[in-house]
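Each structure below is given as structure tokens.
Two complexes are shown next, each including chain A; its partner changes from chain B in the first to chain C in the second.
Moving on, here comes the complex of A and B:
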């Protein structure tokens, strides 16, 4: 019973991915995703970004690694892109992906 | 006041409101849309994070330079040449702290606050490249 309940919760996992600036133009600005539990954050971003080749190529290099300038936030906190490769997404996460900032 | 907004800013009122009995200097930084052969500029922000980071920057500057008052208002949306983009008002007892506090705030904003600019031209548009291009690491406000 415990196992079943846990499975049901995992099925309802909901994550928001927000792309900004040129990434948002290419991929959309506010995307809801329902990934399977335990998935890697980088894999989720790849899956969402793969709908637009130009957008995917703006974020990932030819080896599928984050380009060096890409910035990632999870729930408002910066996440080193090296760690994002293995970080796991959690239900309710808001993931932001954007290029270097240029305010001021 | 710390804000990200579309509306313009009444700088005169901010200066008046920044005065305290022990204020000896007020420094105003006014970032303006420059005519680099553009028609307009679009500004976009990750608003809830940007406001939080502006508040952190104001708090840090206040502590570091003993500031008496800080306003940071960053505009978003479509702006024309000559319009205000960013207004920083800093009040301090002495000019040194006021100048240094203002400089600290603008450099911190440029280094890490999630705001972007797109310059619009007759032929389309171009995103302004950030000055701090490295995405590795967790940044100053992690």
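Moving on, here comes the complex of A and C:
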């Protein structure tokens, strides 16, 4: 049944991206994405965020790197922004992206 | 020992944790760093709960634009030191506790002595550099730090037990950019109440603390969530590598 497995691999994945606080206001709070293959997590967030320039700019700098204070969690576990550049998304992943707030 | 007035005042909460618990609160000292949006509800709730000694530290004066959220102060306090106004309000709401009002800027030189041998530090600051300073003091002195921060309708809180849980730097290695943040008074109300709850539970040694969890409040959607966080072994404030360096010295 090897051929069937290969077919499954090519199926679309279902990934949820959750933006919090200002990010959510600009980009929407819960977004379902269906990437076709295990692409880089950063690329998926970029693609989703690019629908709103202000939202994109809030998360990424001019060079397309995550701003240093951005927090990314995958399935409830913290992911370093440096690792997020290369991390691969998997089917069923829930990715949370949020900015820490600083006021008091 | 409690006076009749105290027993009457705390009657409904003694139902929850007994005279013993109330005694525990009475003999505790808590430092509240900041007498602003978050400091206000934290201080008020700790005062009415009967936390015996509250040290409140702030370097600011009361301004009109503070009054939409800083409920320790009122119209007549404009121009006064926030800590004086705070102490007056707190003492009026509970005359049976001790308030220390300290008008100063928390910096690297005085942070340790300001904290002294308090049982807990409440982070009610409005900037990350001072928060990081409090985090360092908490780690060195092994005193819990109760973090809270807000912006607009959003807030976050976590409890740091040095040596046991993720510290502020583990969770937020880099400070968000400085800004004049928008805020509606109810947000620090929610976050401050969460922090005060944490302090009370910690002092009573009851319940489950917000350690290794970041509480996130979205007032726009009335949604509260918590996300798991963990200690970062490479953390520049509490990481094991840093610990080894400290021991070598």
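One rule holds for everything that comes next: the second predicted complex is superposed on the first by the 94 of 104 C-alpha atoms of A that agree within 3 Å, B and C clash if a C-alpha of one lies under 4 Å from a C-alpha of the other, contacts with A are read in each partner's own complex, and residues count from 1 in each chain.
One rule holds for everything that comes next: contacts are C-beta pairs under 8 Å (C-beta built on N, C-alpha and C of every residue); 3 or more make two chains touch, one makes a residue touch a chain.
All values reported here derive from a predicted model rather than from experimental measurement.
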Looking at A:98 after the superposition, I want to know if it touches chain B, chain C, both of them or none. Which is it: first, second, both, neither?
both
Between chain B and chain C, whom does A:66 touch in the aligned arrangement: first, second, both, or neither?
first
Is A:82 in contact with chain B, with chain C, with both, or with neither (first, second, both, neither)?
first
By the touch definition at the top of the document, which applies to A:21: first (chain B), second (chain C), both, or neither?
both
Which of the two, chain B or chain C, is in touch with more residues of chain A?
B
Quick check on the output: what are the common chain A residues between the chain B footprint and the chain C footprint?
20-22, 24, 68-69, 71, 73, 76-78, 96, 98-104
Under the touch definition given earlier, write down the residues of chain B that touch chain A in their complex.
31, 43-46, 48-50, 52, 74, 85-86, 106, 109-118, 127-139, 141-142
Taking the complex as given, what residues does chain C use to touch chain A?
34, 36-39, 123-128, 148-152, 154-156, 171-179, 181, 183, 188, 216, 218, 220-221, 227-230
Report the residues of chain A in contact with chain B in the complex, numbered from low to high.
18, 20-22, 24, 66-73, 76-82, 96, 98-104
So in the complex, the part of chain A that touches chain C is made up of which residues?
20-22, 24-25, 29, 68-69, 71, 73, 76-78, 96, 98-104
